């Protein structure tokens, strides 16, 4: 009986400690950003808003996998708790030396294997193949080059001629020409547009060519179910299609140095006409700056 | 492993024979390298000779020919498998890039002189 | 009971067939295989992925300025040292301590020869000509891999020198124990030779 | 030091050993085991302190750290407020210290060293001097890591993974880190050779491989993992040192522009090469963290269910298979680097395959409870808690192993939750079970069960408060290693979970107070017990408590398997391995 | 609200308080150079050429919305001309004594020099300081800044200031070094220069395009004018006790 009392006492202590944490939990943190971000971001074990055409496939896979995990855990947990209660040591109770022939466990293991094969071969591999190999044709897609650096995302648009200008590391100037665009030497570079925010069209496939100037970053669009490491020395395309307009975030998902956490950019998903207007505005020669 | 003196004397002859073989093969591998078969061919020949030499060293000098201890063989077998994995999988991974991946991030090399006008 | 008496340090285990030291050195060699394996893997990856042109391109034979003659001589030096090493063990096994010791001394001399040749005819002239590890990835790998191999040779030199001079007292206490230790040293030494057998064509010929 | 109080009896037997040789530079596996355990526990405490500091910044970004903020110095903090560089340094060192200086030395160097030779009936490890060297090299490695905090720019701050090129251009602390790692790797190599040779050569007469306790099996496989997986990291460390110190370009591609300056590297290197070599070690390392824990849990469960383990052979085959497969799954850490379809399918498949033996071991341990007689003592509570906690850790690995699901979850807090569930309430609970279980063998006294139960309940609750919210954060898309997640909207929206998690961490820290008290107080005040207080069957309980130098008074001979409990027709419900006949 | 950028750095040497203290110290420490024995050099940084080519553009700062809060636009730092002046003057030209001081002694400056990150710009854009002075770096924004010094001699300081702090700041000690670039790792457009001297004879041109170096002991000097884009010019000047000499520097970037 004494044991039971002490357990109750422990539970009370624990509850008190949890309760002491609750006020802190409720404490709100002021938002750091002045631009309102669209979308819902999970408060309790849910994925963020999905504004992409194909993201639901990944979501489904995650949901099905979690359902499978939950079934396994709950079923297995019921048996576990049953054993803990039923076979506790007490007077008159003895352990059995003989081992049970646990056929169910074999079935369980085979079932786990089969479900895993289904999840892998039936869902994951086709999604992965489509993400990697089914790049939309160049004439249909809106193409942006994304160049990561410590600690900013640089977005490079080809401009009206549709051709990306030549880039040269020696021409990089952190303030005025972070892309190292050869504006003097290459005619295609003259009309290229550089921005620190990502503007993309809605309902049109977008291809982003991800690269990095210095260390490894990771281009992460939570609402688009897109993540791709930005590796220096490589230019890796990813593609997606937005189905909803709004303002969202571009995150860096790979530790890239001291200010990794502030390497955020904004992503504006716009109707094609708005996007064109923005690009036109951006493409104009910069105005003289007057204080 | 037998410790009798007679066995050791036999071993000694094997040692000299292996030494001769190794010396000759060293000359052969240098000689063969002077000819150019093909990129793959040269690598294959040189590595085949090296592997043969290495197995001679392992078998005779390191007494693997007479080694019976299963534990040593197990350790070497496991090590061999992982060695192959370590050698093959990184390069296989890098060679399985999806289409349209480019192995450059600049259009002009860092070390190159500023390029003149070129048409795309 | 004050000092634990460990079985199988000298005599082979009746079932496994080895004494502990020998199994230990083989396991150590297995880990060494993985160590050099990682470097060879890096070599393959970097060579396959090297750009076709530019300063980072893989250099041609002419650009590496590595002489197969010096490399070949060093190969022979190491091969001979392997023979003397195994002969040292064989003589000790046949109870010829003096002869065995001479072979050991010869091994030591050859190992030192290897190091001297490596430094005097390869490393130092390369540095003087401005061919540094940072020159390109070939030289980076060349200096790292041969340097690591050189450190292994140096380790061997220390161990052999130990058994040649202060460590040889063990022979008078327990000749079999001493012979076993020379066998283990030999296994290590042959492995160092074996690594060089691969390094030579990879660095000098391919 | 803990040994010091308990060797009064055999002091006069061997006066030739001075204090230094007996307790500091000892070659006795038990002294070395205790040295490892105490050092590793101190490092665990230190590593946990680091993360408690970090959790303050995460919960209350930009607020000065209470109590200890002023101790952090100028590099890591400003007026007691943690800086991003300080956060990254603490993060990198937390990972490094926990994995390489805490858990592995505790469960391999500590428990492996102390228990394994006893369990196989050996007088000591096969190479006692090597064993001593292994500890002292580890100790030096730990000191290098600690001293690196005082390097200019602070300790290494590129994450415990040290991804190049970031680590190559990082501050000087990274060089210290690499030197420290080389020492730690060397220590592990010496240790693993010793373990394998000891298990192969020094088993007691009659102790076949399939009569070995499961813990010995897990140590055996673990030693192989350490032996063969660590050298590639040593090579990678050498390459990174070359990149940092000699200006080579192993991991540096052409045309790197850092801070607007074209870097002087020739280029031609591959950043992915580092990841391959690193994960070639670090994935097996994950199994180094978990396999001995499974071994300990199996020991405790078999002992306290008073019943043989279900599927012992199956578990042994599973653990061998796990060890083997762990070498060819590493690139599942690299799906997002731009991997193609074929190779990702290969690594995803091996990852799915490797989950099966884990499921088998876990299932076997649970089935072992069926028709048993469960004795709820403190080690058993920790061992039982290990099972669902490890299950959560293992199951959440599933979506991460599927490349498509990994797109969303990679490098988010989901990953943090996943592997912490494996190593914190998994391995560390197993280690607690081990400490409570073998404490009587080491000291001849038991730890206080009431304090132990308080420790267990509080730890169990708060460890879940710490790690469960991480899954919610991860699902919401919050990236790991963020100094201040409220910078992002999706981070701001789940900030409440972060704060709860932080409170959980601090409460978890408080929950360890009963354990620390118990650990030291029981040295003197613990109840004195017999040589075999748990009525166990394995050989370590046949030796006196604490075992003298040389371990066994008479060399034991083994007659039967390791877990002969409740054998029908026996008077007692346990039948030790070394008894020829049951006691009448 | 804009900080008065240029007066802050140039002016402190001319501040009456300092002049008084400096004079006392000078009188006490260096008996040969009493306050009234010193000379001054002043002048302008002038521009000659196609001023229309030197247009200051707005830089894209859309990365961090918190920057926009403090200012509508941020201009690039290239060549900033005071085009209303006639002749046109140049801002951010650093004028300092390059040669001629020899073994002459002068009182060290000890006031902290302030460098503020405000509105996602560095204020001032060219920091000139004496090696005896501490540099204090402040963050006046509701965002994270990470200052990164890229010097040759000094250590490569690289630290972040995630919290707004206009009071305490981070203090740095620097040794003498010609102007070196400083950038913000978070906001790519942010850049400034720091020059550290072993002597107190330097000045930076501001909105007027003028500079003044005071308290010089009489003698022959070589003055150097430095601009981040336009390069350097030198001039030989000889000053006598109590004299104020005018020396202008005319940059002609298009004449090559």
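List of remarks:
Letters are used for the chains, namely A, B, C, D and E, taken in the order the chains are written, and counting of residues starts over at 1 for each.
Going forward, a residue touches a chain if its C-beta (ideal position, glycine included) is under 8 Å from a C-beta of that chain, and two chains touch if they have at least 3 such contacts.
Please read all numbers here as calculations on a predicted model, not as lab measurements.
Fewest steps needed to get from chain B to chain E, stepping only to touching chains, is 2. Chains that touch both chain B and chain D: A, C. Touching chain B and chain C together: D.
Relative to the centroid of every protein C-alpha atom shown, the closest chain centre, again from C-alpha atoms, is found for D. Should one ask which of D-E and A-D has more C-beta pairs in contact, the pair is A-D.
Comparing mean CA positions across the assembly, the chain most remote from chain A is C. In whole angstrom, the spacing between the mean C-alpha positions of chain A and chain B is 42. Centre-to-centre spacing of chain C and chain E amounts to 61 Å, using the average Cα coordinate of each chain.
Per-chain Cα centroids separate chain C from chain D by 34 Å. Rounded to a whole number, the gap between the C-alpha centres of chain A and chain E is 45 angstrom. Shown for chain A are the residues that touch two or more other chains, namely 32-33, 132-133, 149-150, 169-170, 174, 178, 180, 213, 232-234, 236, 257-259, 261-262, 264.
In chain E, the residues that touch at least two other chains are 144, 146, 158-160, 162, 183, 185.
Contact with two or more other chains is made by residues 16, 18, 23, 27, 30, 34, 37-38, 41, 45, 49, 51, 54-56 of chain C.
Contacts between chains, counted with the stated touch criterion, involve the pairs A-B, A-D, A-E, B-C, B-D, C-D, D-E.
Taken in their complex, chain B has these residues touching chain D: 71, 75, 78-79, 82, 85-86, 89-90, 92-94, 96-98, 101, 104-106, 109-111.
Across the complex, chain A meets chain B through its residues 132-133, 135, 147, 163, 166-170, 180, 182, 185-188, 209, 211-213, 232-237.
Contact residues of chain B toward chain A in the complex are 98-108, 110, 114-118, 120. Contacts from chain D toward chain E in the complex involve residues 61-62, 78-79, 81, 83-85, 152-153, 171, 259-261, 483-484, 487. Partner chain C is touched in their complex by these residues of chain D: 13-14, 16-17, 28, 123-124, 126-128, 130, 189, 192-194, 196-197, 200-202, 227-232, 234-236, 238-239, 242, 246-250, 254, 265-270, 273, 276-277, 280, 548-551.
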